Structures are given as C-alpha cells and as structure tokens.
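Residue numbering begins at 1 within each chain, and the chains themselves are lettered A, B and C in the order written.
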C-alpha cells in the first residue's frame, strides 16, 4: 500500500511539474464550460422521418424491423416469435407483462449465469433510448432491460422500442442518459462484426447474431 | 516459484527493435504480399471513412470540439485524474498508479496471482503491448488468451501488431487460415472469412464462460462519473467485461475525459474515423462495480510510462490528444508503402512517428520523425486535430539541436551541408556565386543527353531511381540582370 | 499593380523558364514586375529538416527584401505554405517581436502565382493556347495548406486546345517531401512509382503542377524510364501560344 501511494505521488508530481502552476477548480470548470460546441445537437426531422431513418439504419444492419400500435404489442411479439420459430424467450425483471403473448414460455432471466443464458432461445427487452442517425439501441441496467449479460449471451435479441424513445442525434441521446450515466450501459448498433480478415465484414462473432426491433407507434 | 521480473523478460516494450526507419522500410518494401494487404485494407477503411464523414455537415465542428476537450483535459490532467480516481473508488473500483511499464506489470501480475489464475482473457489493448504484458505473464506461468480476432491471429501466429485498429491487417485470409489450422488443430478449416470467424467464435466461447480474470485497456476514462468506456466491434469486449469475476484495466493517463457528456463528440468522431462506420457495433460504459452486473472486483491501472514529460512540451503536448482511431495510418502515403512493422513500435504511422520517440524522451526512434514527407494528410483526417506535421518538424528540431551538441553531429555531412547552405541563403551574391560554381562543377556529372544519372554519397539516393536535369546555363537572376535590369535602369533615368 | 517576384531558390537555379513565364503572363495582363536581386530563399528546406534556428536569418532576409512590396508573387505553393504556416512561429521562437510584426504585415501581400491570378486579379483566362494532352498533379501544400481547390483546373480549362485529363488518387503525395527524398529514398521512390503510374494512366503527354519540386521528382522518373512524358509548370502553359512566349 505504501508502494502504491508512492507511485501515485510520483506520477502526479511528474504531471504537475510538466504543467506548471495549477488553476483553481473553479477556473478549470469555467474553462471547460467555455469550450465551443457548435456541432449539431438537436435533431431536425419530423417524427415520421425520424422513425423511417431509424428503420433504414436497422435494415442496413440486417436487423428485422416491425411496427405496431401500443395496444397490439403482444400480438406483434407473437408474430415475430412465430417467424423466428421460437417457443419462448428470456425476459428481464420489470418487463411489462402486457407485452407477453399467450402460448409461449417466458423465463425470468435475473440471476441466470452464462451457461443457462446460452441455453435460452433469446432475449426480449425494452431499451432506454434509441438513436436514429446511427441505428443504435442503448440499454442500461434498469427495469425491462436487465444486466448486460442478458443482451450479450443469447443468440437472439428482440428489442421493443417506443417511438418516444427514439432521438435523432447522438448528443440528444446523451441528454437522455445524463441522469443515469453511472449505470452499466451498452450501445448496440447492429450485430457484432469484425473486419479483421481482409476487411470483409463478418457478422456475429460474439454477441447475438440475430436482432429484431419492434417499433411501437402510439 | 520465483517471480520473474519484467526486466528479465527479453522484450523491448514500446519499441521491439532498433533499426533506423529507412532500413526497416527497405526490407518491408520488398514484401509485396504485405504491401498488397496493407494497401487493400487502408483503401477500404479510407473510402468508408470519407463517405461517413462527408455526410455530416458539422464534421469540422465535431473535430474542433473534440480537440478543445482533449487540449483542456491535458492542461489540467492531474485534476481530472484525481477526480476520476475519487469517483471510481466511490463506485467500488480500485485505482492503481504505475509510473512505468515495470510497475504496471508488477501490479497486474500481483492481482492475477492473488486470484490464483493460470489463464486470463484479454480484450485488445495496445497499452498492454506497449508494456509487454503478455510476455511478463507467460514468463510467470499465466497464459493470456487474446479474444479479439486480430490479436488472436497475432498471438497464434507469434507476430506483432502493425495497426492499432486492425492489428493483423498485414495478413490475408490464406495466411490466417494456415495459422488457425495449425494452432487450433482444425486441418479441414475452410478459407472463407466466415469459416475463420466461426472457428474463432467456437474456440473462444468456452474460454469466456470459464476464465475468471479479464484484462482490458480503456478507450476513455470518465472523470465526473468515475466510469470507463470501451469501444469495440466483435463483442469479445462485452464478454470480457461482464462474464469474469475480476476485471483489470490498464489505461494510459491521457485517456481521461472530463465528463460522460463529452462522449457525444467522441462517439461520433471515433467510429467514423476508425472503421468508417456511423457507430461501431458495441460500446460499453460502467462505473466501478455494480452488484449482479459484471465483475465483482474492478481495478484500473493508470499508466504513465513516459507520457507526463510530454505534457511539459507545449508544442508537442497535442500528441497526447490521440484517441487511437488510426485514421492517420490509413491516410499516410508512407504507411501505405511500408505497413506498420517498419516503425518497429506498437504505435506506428504518423502518430507513432511522434509518440514513440517522445515516450522514450527522444532516446529511441530518432529516425521516426523523419519518416514523413510532411504531406499533411494525417492532420486533415485527425478527429482531434493533432497537427502532426507541426510536431514532426518540432521533434526534428530537437533531434538536430541534440545532434549538433555532439562532435559527431556537428561534423556530420548533413550538418556541414546545411550550415553551408544557410550561409549561402543569407546573401544573394554568395548564392549567385554558388550557382555559377554548380553550373561549372556539374559538367563532370552531366551525360551527353543533358541529364545527371549518378550522384555521389547520400545524393545517390536520388539518382538510384531518378534522373536529374542538368542546371540550365543561365539562372533566372542572371537572365533578369542581363535582359531586364539595364532596361529598368534606363526607365529610371529616362 | 507593381508585382514583386520571388522566384524561389530552386526555380532560380533549375527552372528559370518558369520565372520568365510568370513575368510574361503578368506583363501581358498589364502589370509591372519587379525583381529584387537581393532575394535568396524562403528557408523551408532548413525549417522542415529541423534546422530551425538556421532558418531564422533566411526568413529575416526575405522579410527585409519584400517589406515594402505591394504584392509578392511566388510560383511555388510549398514556399508560400512555409510562409503562411511557419513564419510567425519561427519569429516567435526567435523572440523577435519586430520580426513577428513585420511577418504579419507582409503575409496578406504574399500570393502563390495561380491564386494571384484567380483570387486577387479575378482572371481565369489569360489568353493562352497549348494544344496538348495534359494532366494536373495537385501538390500537397497547394491542397492542404493553400486550399487552392480547383483554381489551377479553372485556369487550365481556359487554355485553348488543351485536353485536360483527370488523374486518379490525386490526394496521394508524390513522395518528394524535400530532404525526405534523400533520407528515405526507397520509400520516396515507391511513392513516386505509384504517382508515375497514375500519370501514365491518364495518357497525357505533359504533367503540370504549381510546384517544380514535385515536377522535378516526377520528371526524374518519367525520364529515367524513357516514357517521353514531360512536365511543365502551370505558368509555362499559361505563357504559351502568345507572341514572345517560349517553352
């Protein structure tokens, strides 16, 4: 422990020697606040155009995209599950039971380890925010989304996104995330990929190979 | 078992050899397979990068903001690092400080041993290459399993990375297949990229589930939350960040950013610059330890290893703004020809040419700042606006001054030549006389077709592949003096 | 206008025809050319190679020679970029406040030749004719430092009889880089080989540019390989086809 303190002192002393006279925290915060941010923060698209853009980006990633109204979520989920030939999915704690159609097995995924999750047919979850410009889903450790392992190990992910959760730009997404920025967070933009072999994009190295998004329009 | 000290492990950390760049380059220029692979890969990424940056009307604003955030952070680096430490610790993480590579290795080895681990899983991190972590672990009976496909290729092929985003870019699929067939014992392995990726997926999946200690680097340390951000494509990062019990992250001190919010710039500029995507497949952020989600124990090793002295050099400090996107490598016409191994360092290309020598306080890699024609393509694409050509010239200035302080340097041909040229350039009369001498003196070298095809000594570098047209018999100034100046005089008097 | 010509050290000794062409074109447009005989060099070779202190007196000399010029025209984008990108820094490094002030006063009056024609004089057609197949090589400094954009192309498009062929990979450096061509001769030659291939693929008889440094490099290989493709500075093309012009 004494050793590690001395390393800490050594590094900080070296930094301070290089930088010279330090500024006050108030001065530093003021300098930070003065940083010029003229990049585009707010989106400009209408809601229809926004959702169309989001859908286009998802389709580019070969994700499946479906739309339904708020009262027909369970029906839509049923249709997707039949298409994917699934008999059930794992679900996080806090997911709305109204979303679950009859006749399918939904397992509570809380506390399942990697081996158990590996045996499930996939995950059904919601998200915190979605970014249209980049086709991204942002999940956090919260109700309806669960721990990070849930959207990682199963080979299939069905994510329910309500229209009000979709923003246009990355800065807008960060505004939505500001209050929960300390939670474990995952930005998902398409299935996993690598281009390490001759720059050929190969999908599904680790992480779900199949992704479906159900867009709920009010 | 006696602990093997890192200094006994025969590997140079940041630099793995000591050839001058021209010599290393010469060997690689002969390797047409590597050159072909490098050019294909960099052209593909550059094409994608140009497309996705052109579609953003605020791309230049993003670059400017990113540069300002980074420059501001470096000006107050101690403040932000201690803020990060405070917040990370409050969230249940452990923060360690390492002044150099040996110290970092010692800390990491100690942590791995305290958990009795014989294997660890690793996410791609150039920082661990920089400190020679794998060799240290192996020498001490711990096997590091690389989970990034490219790093796996490098590890199984007993090779070194040549690019920090696509480390195995110098290999084609046939070469990779050969490595996997041999090392994974898959004699019937197909040669399509999908076959190779599937082989890697199967090989690694078992390891993720079983191995309890993971080692990573870090793209960003977030001061206001005490959190960290990892940017990746394959999902092996997510595996290593969530499945094991223990996570150890070794991160350069320059990676800290003031606020979670600043990712709204950097998560736009980094993916577009690094892989030419609007967003890379997976980004993970977290703070410390979160019950029921991810490792129960989280350690960050803050690595200095030559970075803090760079802060003192106001001109060169911008070197530390780098977010490791490798866009400069993809844009560099020199890198296109030689690939990364010519730089003999973990950090290759334009950023490597300025970072590597500085990490060694200019004691190593002194030929690297000259490995550039100063074309400026790197500066044009850098998402945080590092003026690499400016830093290259600045470092050349340091090298020249240091050399001039030695006898060998003072009396070197280069220095004598440059001093003589400077003497001539200060006075037009002297310069004119030198031109006349040249016009006469070149006659011995000019062939009858009016060209010089051979020049002696270091100038032979030119004539090996290029002719040089002989100096015209009359310079412009002589022509003007003869044909025009008398006229001017007349006009003046007339 | 009274235009002060800065010929540049290498044009003076190696490419006097470029200078004569600049004089011819500007006089034809009605301007008066001055040629201060005390001029020497812009200091770029020393500065870029790391001989920073040695470059300062050369810079000081340049500033002194051109202090009172109405406009300084230079047929070399690399020299202009040296002035715009580094002169202030060099003066600051030397701690010479007066030199800094003199440089800042002079910089707005310094022009590369093609940008002088188009941006300052507003001229895109100088009445030239040059019936040859030509390709344009964009030097790095002209693109990334001076941001000339398509100025040279616009000038070339107005030359009568000129068949302009676009070059592929225009953004890639030719490999000259001053002393780089000597210090890293092998890499320089490899870069040159790619650029020569791009030139030859256009089928042009002549390769032009606003910098003789690049052209000297290109021609060195074009000639060595006996391709019989020639190079000519943009000024020489713009001076062609008039009475009294020469190539």
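One rule holds in what follows: a contact is a pair of C-beta atoms (placed from the backbone, for glycine too) under 8 Å apart; a residue touches a chain by one contact, two chains touch by 3 or more.
Note that this is a predicted model, so its numbers are computed, not measured.
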{"item": "Most widely separated chain from chain A, with each centre as the mean of CA atoms", "value": "C"}
{"item": "Most central chain, Cα average position", "value": "B"}
{"item": "For chain B paired with chain C, centre-to-centre distance based on mean C-alpha positions, whole Å", "value": "32"}
{"item": "Intercentroid distance (Cα basis), chain C paired with chain A, Å", "value": "52"}
{"item": "Multi-chain contact sites of chain C, meaning residues that touch two or more partners", "value": "none"}
{"item": "Residues of chain A touching at least two other chains", "value": "none"}
{"item": "Contact set on chain B toward chain A in their complex", "value": "37, 40-41, 44-45, 56-58, 61-62, 64-65, 68-69, 72, 75-79, 81-82, 91, 96-99, 103, 107, 147-150, 153, 166-169, 172-173, 176, 193-194, 196-197, 200-201, 204-205, 208-209, 222, 225-227, 233-236, 238-239, 241-243, 253, 258-261, 263-265, 267-268, 275, 277-287, 290, 292-294, 302, 304, 308-312"}
{"item": "Residues of chain C touching chain B in the complex", "value": "7, 9, 11-17, 19-20, 35, 37-41, 43, 45-55, 57-58, 61, 85-86, 140-141, 144-145, 171-173, 175-178, 180-192, 194, 216-217, 219-221, 223-224"}
{"item": "Contacting residues of chain A [partner chain B, same complex]", "value": "4, 7-8, 10-12, 14-19, 22-23, 25, 28, 31-32, 35-41, 57, 110-111, 114-115, 118, 131, 133-136, 141, 147-149, 152, 170-171, 173-174, 177-178, 181-200, 202, 204-207"}
{"item": "Interface residues, chain B side, partner chain C - complex", "value": "21-22, 25-26, 29, 333-334, 336-338, 369-377, 379-380, 390, 393, 395-401, 418-419, 421-422, 424-428, 431, 435, 438, 451, 453, 458-459, 461-462, 464-469, 471-472, 474-477, 479-481, 484-485"}
